[in-house]
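This is the structure I want to talk about, given as structure tokens.
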């Protein structure tokens, strides 16, 4: 079950830079992944070669941003006690970033919206754990 | 009053790239602005010169990202009918991006958390209008 | 009529960074837009698929730079008194950045040199106003 | 004496982009980490405030590059069978990227050359495993 | 003597990307160098430590852009016949990019406006040659 | 067999940033050029249009990095006495960066692996001179 984000207090800032400022939010990765999926859908619906090339150019950038935002969460936000409590976390992040990348079936190398959905599913899992640790 | 984001359907994607993919979300600007404010707070609480220099370096980047995300909304998401319906929109965006910038009192040139809050307030106003147009 | 740039004093610096240093120059946007138009022309004259893909990749970057340089002028250079004196300025910048973007007919989504020329025309208009304010 | 490059097998490519092209090399992370350490040393030897600020600016960038190159290896090069054979690999990469970051004692937040050396030590460990898998 | 730019035909585009689109213009390097010099002047006139740190951050970026724009001209615009006709060109570019860099007296490592002027002088020399080759 | 890294003197740093930190290494350019060549080979072996477009996108970035790393060596590492001792150095760097670029036969505009090999050959020449100056 997905952690009901609606319940998290809105005044809590979730840091993301490496000062660190302490503001992190999986929404950054999710928004880019939604874009990746939407680009795939538009690509499938449009056979114009110029449009398709642009879709590939832009999806490449958006997928890279997904990877970056996830890497930041994995290295900067999550700490040893989290990895102890959630032993699946390392592998989950590794799979999620691979799913956003250029390997077989990854969202960079596939124009199937399902590849974007796969990334979104991994991010939802990460997001659940993230918000649980915030409640802690 | 801030539009209750909690009511927006979660399956709605809010595009942000310039394919355009159609996924936009003011949360991108807001998260960076929260970071800007948090950096100011940490700066005020820490007199170490190395920390303070790093805070200035990173806040510069985060403020630039605030500006970028707002510019994208202004140019790519909002269309002529929106500007007609919300005649204050141009000026609101201009003020918001100036507030995030390096001019007098702007969040780049000030280490007062209030300058970050000012940007957040403008983004909340933009966000309200944004979500209203999404409901439309 | 385009403001005769030749008459502007050469020792006047036109700032562009957000210190702000005070050096702005619409030539930055214009040079990128000239590139956008030239890329379209070369694209139309060359059917080689590898060349065409590269043209799309590079035009995407150059168009983005056009938008960025224009946004900087709009937010960082122009001040409230300018917007009062030139009430068309907000809309002009909004149209110019849209014309450089990925929406319908925009210079990112079209390979017609005319789309690049449209951006150049908007920049010339902005440039006229810019140099008038410099004289003031 | 220069290590005879001619002796290294020229046909072995070590891929690093996400086509993927198949060329990876931990030297990319190592060179940036050597720079991080050297910057710390120069910082300690020079009390000039302008030099010190520049050192902080540049070290921030170089440390970020260390993190990026390591993330790429972790996500793009290493595959499930590697993680099975080297069960310490996830934690090693997590520690290495944390050591290059802005957390307590990390190479971004410290000007002690020892913090740069710590990153280099982790990279050497990763490098040993990397080259073992290449032999495999 | 500086080549009178005013005489160059305005319809001539001067390419700068690496398609190549054929549009080059030394003004790109010059505008950044003007910024570098202006930043030095503002730095000398303002003792506020936060302002000074920001000035160093931004000058670092602008100096890097000067180098980049010059490198592009040297590699992409100038061809073997130019280097034959202007045998001083290689050294001139090498000195100009060094003057914009972090070595002793370079514009990155000095806050003396004279270091920015030195870069501008080199760019004026390059610009003269550039426009002569355009006339050819 | 892995070349024994342990035999390379660990105290020799090869600087590359513009503090300058003093760490330079032609391996940075070489690794990117190996990637360029590998991308060409994969392109020739795969007729899938999506894969080919991605190959062009990524090769464009990698070739640009080759140019950047070479420019840094030319401007930041090599000093007047080097150019005196190796009078061919200016031209060598100019040819090498042109070979990595978008001009006729350059590695950006060609998908022939031979164009990548040409860049690698130039880098090997530069590397030989670089390491000779290090011994000096």
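A, B, C, D, E and F label the chains in the order they appear, each numbered from 1.
The rule is simple: a residue touches a chain if its C-beta (ideal position, glycine included) is under 8 Å from a C-beta of that chain, and two chains touch if they have at least 3 such contacts.
Just so we're clear, the structure is a prediction, and the values are computed from it rather than from any experiment.
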Could you name all chains that are in contact with chain C and with chain E at the same time? B, F
On a CA-centroid basis, which chain has its centre farthest from chain B's? F
Greatest Cα-centroid separation from chain D: which chain? C
In whole angstrom, the CA-centroid distance of chain B from chain E equals 34
Please tell me the distance, in whole Å, between the geometric centres of chain B and chain F computed from their C-alpha atoms. 40
Averaging only over C-alpha atoms, locate the centres of chain D and chain F and give their separation in whole Å. 19
Taking each chain's centre as the mean of its CA atoms, chain B sits from chain C at a distance in Å of 24
Residue numbers in chain B touching 2 or more other chains? 18-19, 53-54, 57-58, 102, 108
Overall pattern in which the protein chains touch one another (line/ring/star/complete/other): other
Chain pairs that touch, as defined at the top of this document: A-B, A-C, A-D, A-F, B-C, B-D, B-E, C-E, C-F, D-E, D-F, E-F
Okay, in this complex, where on chain F does chain E touch? 18-20, 64, 67, 71, 74-76, 83, 90-91, 94, 97-98, 101-103, 108
List of chain A residues in touch with chain B within their complex: 6, 13-19, 21-23, 25, 27-28, 31, 34-35, 37-39, 42, 54-55, 58, 61-62
Using the touch definition from the top, list the residues of chain C that touch chain F in their complex. 50-51, 53-54, 57-58
Contact set on chain A toward chain F in their complex: 52-53, 56-57, 60, 102, 108-109, 111
